[in-house]
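Please find one structure pasted underneath; my questions will follow.
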């Protein structure tokens, strides 16, 4: 392993070899091959990045907002030009299909470009005449250093839900990617280095839990954005409250896709397979629970969905023979994850669901070290079953039956999580009820993955999101700025 | 005490005698006379109010937003018509001057009327063409039952920083006023009863800490607004984070008023006395620390301010001889509070500040049972002294000297609290630096009490506010609504 | 006629008998009875009102925006309390049913209350850091005197599409109601007088064309809002452009209601009769052209609509026997109007449409002098026929057939006018296409009269509206304010 | 002249040789050299461009808003990369200094990038619950083909005040640059061709008045943006009103710069020379009238400004010896212009102003054919003199005296034009009065050229702007979109 690339942190505008607890191997999940080593930064190493960000804050925060957006746009242009390069790095370490990786990069670019609209988005308010001769204004000022703790499923896009907005509003930033997929951000920061941000404005630290905790605890960090399992992100949320810090905390999901009796089966199935198996089901916006409304729709759905699931090509996403196919599904992220999923399938069988399609034991030639599992479908699933109530985070779909829209909504609303939810129907009345009544932050109407574009907010309800400010778009400006209110009067006489 | 009025709770549209731990006497702080008894509601009694609010939520939340505003406007009209009546009740239980009480009622009305602009303020966003044939929208929906825990200093206005906005956005509400000043809300709810809200939409529970805790802990309460001492409100804030609830938590303050060398002394002094002694200094927007910049300004300030402070009339605010004077100052809220303030004055003397005016021992004829203390001024005060670093919440003013604007800003920014801050100058450059650089949520330029009007947000920084969404105006809409994002597509074929 | 009330102008806070060209009788269109005399103000008399408004402008424009809203809210409360009184005055002079009159008053109140949200709606923008040390702001300031020229069909509501917003933004106002229905505004201004506006802020002048022209031409009038026939309002629009004045010019309409094959016939018919016959069809939001899509829907529609039309009760709307019936239809506004409508019916017959229901010659007992015509329905109507291409402004409905949605949209879009348009369907795809593709300013989806609430804008496309700023809501703030942009820098050194 | 480049039109994505009335020589105003020939397109040739734009509209208007912004950002990146190249072309045909040309390109880029924030800026509004079960929404849709008629002073920036916003909102566009400076847009459209807009979306036609009229009159043009002399733009504005088209019409200016007695003379003079002589005074935001307040300030100003004016280097801006100096001033645009300016100087002398510095007769070596005039300063100027009341559009500055702020504001407000106005003072009270009371659209406080950044609106008052929607930023979205209001209800039953 002597020749393995050893990743570095990017601190204060330079690549540095951090003080580490240890190095961790980075694996290609399709092959099991070790492709790099990632440093687990010590709290001291994390502290250096925070100090660099804190030192860069005064000047950056006073840089005119439009000028702060110029390097962001330059960065977006670089990504657009080199989309293919970064997509392959991403695909290699994460295991998702190339088309999925490219789509992820596009959303990264979109977020950067939307954040570059900050000169308009962050404008304050002005009142002439609060009282006679007295004016008022609201201004939105940057706050300080923000930190990010990112999960493994979207190594590129996810940091860019937050980072471009933090920078455009005048804050400085320390990003900690998942230690499992550090190479995409390693490349991204090479391009960030080109884009022309002043030193210290944006920093990268690698590491696992210890580094994350150090970021949360550091007194010069003003706020944290974290995406991960609900338990983890909620503990960070509470800790931030104790420390008087801001927090965005996005957690787990189990998104329901409700097919009404009038749904167009062809569209539904096509959407479902994309939604359920994209990124091998490791997506907070994946639909992993399908609800067929009425016997007829339920039965057709079960039959057809199992059929179509069989067409998914399970493969190394960089295998040139399949790399551009849209129906390719790669491995899950790790052997541990695979075992956890296997265990849940066992549980599903035990609790009485019908295993209509079993993806276990699939072999991908030449990828014997990969963590593959094929499309897996349970039918006859009921609320209360573990496989329904748990986020499986793998290509395992559960299908439930509801007798009508009321029961379908009840299933959705009784679930612990409330990230996304979709309905399929051509009927405007059903669609309206679904969008108003379901306790999900993001609703799709005839859309399998209702992940909003970058100029709309992103966020869930119930245990899918703690702390209430959503990511992306106009909403996130509130998170990254402090509203200050000015009341002003001037007297005619000389002082 | 057999004839004392015994206050009731207002639950589900009716006055009810709650289950109580005990009854507490309510005192007129100007005379020491007991004027009523307030119930300390048990958790069960609090729960009844929450359940009523929860039961009223489905219908109220689906009532069109404009219709929800009609009773709010009716209520505002009632308050405008009967301003004098409620001002006297308020003045009697709280001790503040009648002009102060009237001003408080005006702000209550203003908040109700601004909240009635909710049909515009809560509008969501719409995007045609997120992608080909796909539209997006953001809608803002009410969340459920909100609770309020209010302090004693603004018995009327403070609940109305929150309540009108909660109702107009479609939530239902349970208010717990301070047990020390329950009579103003008792009267307010008689008028709320007239105004035409459906039963259960808005409820009143009396009580002290036990009731407050019950409100926070109740599983059907979605969020809490609390104003009080920083320690208390922060503990509620953390508890809400643990429970996954929303929280607005506004704490203590020590507001600095910086007089630059070119300040108009006449205006400054007039503003200061109003700001420092209004409500006997028991105001989170009071200026209680004055910073004179430069020897000359500092010296003139000290001399003149002490002189003018002597003109304050200390009296029972309802004494007909003085009731309409603007320079009247009533008692502090309680004997315990008086003793605490006396102790802090002792401390100030011990730590070496000059007690330039000593308000202790003042007698108000006919009010021997009242908790009076006269205007008290310390000069030669330095940061680090207890009397500077602590919120005294009484008519005790500390005066500091700074050599220039830099030092003045440093004094403000090093303080634990950051609610309001004011500068006096005719110079645009100094004013701009002060507004951008001081870490206070609300800045006054030539304004002694920079409390924003209802159509601008209200909130502080540092330990003056935990959780980041401000009260009043457009900002609070975020607190009382859930943003839901819809992504929508329709296919041409029949279902 | 010696005892007839002689209306006055309201100028500078007082009722004045104006200099007139002549007096015109005001008729009750249900009976032909003369009920008052209205002065036709000379240009000099109009000038007096404008001068009063101009003189009131400096103080009113500098009055804090919140204070300007207080009399507006008081006025709204008066209207709410006395809704019945003004509804009867309105019904008597205009001829519309009491339920219609009450609905009109409700919309008047709504507009006043929405305009009272101006402290939020008119807020400007603030940018800290346009460049280093340079800030920018946008403020919205009132402009001067605005004038209104109103039509006869909504004597109460229509002036309040504009007036409350003009006042709340700080402008002063001169309203000229239609000389045909002057009594409603006469009463409204008695209440305006009570509401507490300063003298001159809002003025009433009566008159016909000569007075209107004088208002447009007066050099101290900054802008005109006019609603009327397209030809008239366009000539005023052009004249305003020549004079460098602002103008809102809302014209004629012919609103199509498209029933898709899946439309619920019961709902459609119920909506149609309300929409077509309300206010005897004299409504710019009336649906006066129905398009049935597909043979089956078209045939059912024709049959059922004619049947239901027969149930309309034609009567004096104040006749106590029918006053509270919702299906009452009163007379059209005048004998001249009646003749014009009769002529158009003749034309329709001549151009080959089928007169399926003929409302001519209807007699209302005891109302022999009234201008009544019963529900009239043409079927087999084609685009290009005069009865389709002309705004009839009476209870005459034309029914067309289209083979599909494309053809229906084409019919709508080829029409000269584009005020409102409605579709009836349960299908989300058809609804989306209709709302995006039809060239109408206001679209109803399963709504017969898609007149938006006061907190949304109101306005049409094509020849239904000239000049592009819509009435009501946030949009109209642009019309009544001048955006001023400030760029600001302060230097540290003393001047 | 056989080898002269002959410019072409850019129509439907291709360069075409248009049908012309004739070709006009394009002159380098610094040397008199003819550098190209510009076609004067016939109405038929203009019509071709409009038809191409009309044909491109349906697809472009339905392209998702974010995708429409991608080529805009690409174009901005091209301009940023090749700023120097286009600056030199601009400087050569227009005569302005290279630093001025570069600044102009930066503002062009800024406008493109701000317009690329359209996915946020053009969002519509959504109301859930206008009434029970009824929702409302406002959407902003593109309108059709827009045309631009541009003046000669900002060949690059000025089209980009409008064009990027028109495109981003989904309209298509035909630009007609000034026939005097056509080469900058010729180059710009080569880059537009690279940027990836679909054919027909954006078109270039060259020509003079005849072509402009053809653009205004073409029935498929929905609106016109025009910048030029007040008389011209107002005639277009009126014509657009007659034709029912939208119009933005920005006219002449005479911007006052008021120096208060406390103004910092050093800063004022430095700002003034930049403001008065940049672009040889041919700038609608130039300060061309200076008002000294008080004898002392007036006298110092006159003396110092004349002194500093002498330091301006009059030269060919591309002369390598001076090309990067910031104090270089090039020629005015033409010999005709020079003569007009000479005539106005004669007039100024005749009407009794003091010609303190006379720039006539200046010689620039090697540039004998250039149209040069040196800095020219009149003192003792009074309102009413032609040199004060007229826009001179050359490097001729008039200095007036006012006794106090009131008189200074009166001078500004009595002037026919009201584009920009600036005050110099350190006093917040004076600054506030100036910004509120002066009738100018754009106000500078200690800023010589108060031209707002692209994310704030741009526009004047009085005869400096007809039609009321400003350029740039959020404001212009109103101009380029039609607000459509939807009212929507769905019934539970099947259709």
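Order of writing sets the labels: A, B, C and D. Residues in every chain begin at 1.
In this section, a contact is a pair of C-beta atoms (placed from the backbone, for glycine too) under 8 Å apart; a residue touches a chain by one contact, two chains touch by 3 or more.
Source: prediction; values computed, not measured.
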For this session: Could you tell me which pair, A-B or B-D, is linked by more C-beta pairs in contact?
Result: A-B
Seminar exercise, completed: Relative to chain A, the most remote chain by C-alpha centroid is chain C
Exercise. Cα centroid separation between chain B and chain D, in whole Å?
Worked result: 50
For this session: Go ahead and note the Å separation of the Cα centroids belonging to chain A and chain D.
Result: 44
For this session: Can you check how far apart chain A and chain B are, centre to centre, with Cα atoms defining each centre and the answer in Å?
Result: 39
Exercise. In chain D, which residues are in touch with two or more of the other chains?
Worked result: 66, 119, 123, 125, 127-128, 130-131, 134, 138-139, 141, 425-429, 431, 436, 445, 453, 455, 474, 488, 490-491
Exercise. What residues of chain A sit close enough to touch chain D in their complex?
Worked result: 66, 69, 73-74, 76-77, 110, 113-114, 116-117, 119-121, 123, 128, 135, 427-429, 431-432, 436, 453-455, 473-474, 488, 490-492, 494
Problem set entry | Footprint of chain A on chain B - complex, ascending | 125, 127, 130-131, 134, 136, 138-139, 141, 234, 237-238, 240-242, 244, 246, 260-264, 267, 425-427, 431, 435-436, 440-447, 450-453, 455-459, 461, 463, 466-470, 474-475, 478-479, 482-491, 493-495
Problem set entry | Contacting residues of chain C [partner chain A, same complex] | 62-66, 119, 123-132, 134, 137-139, 141, 425-429, 431, 445
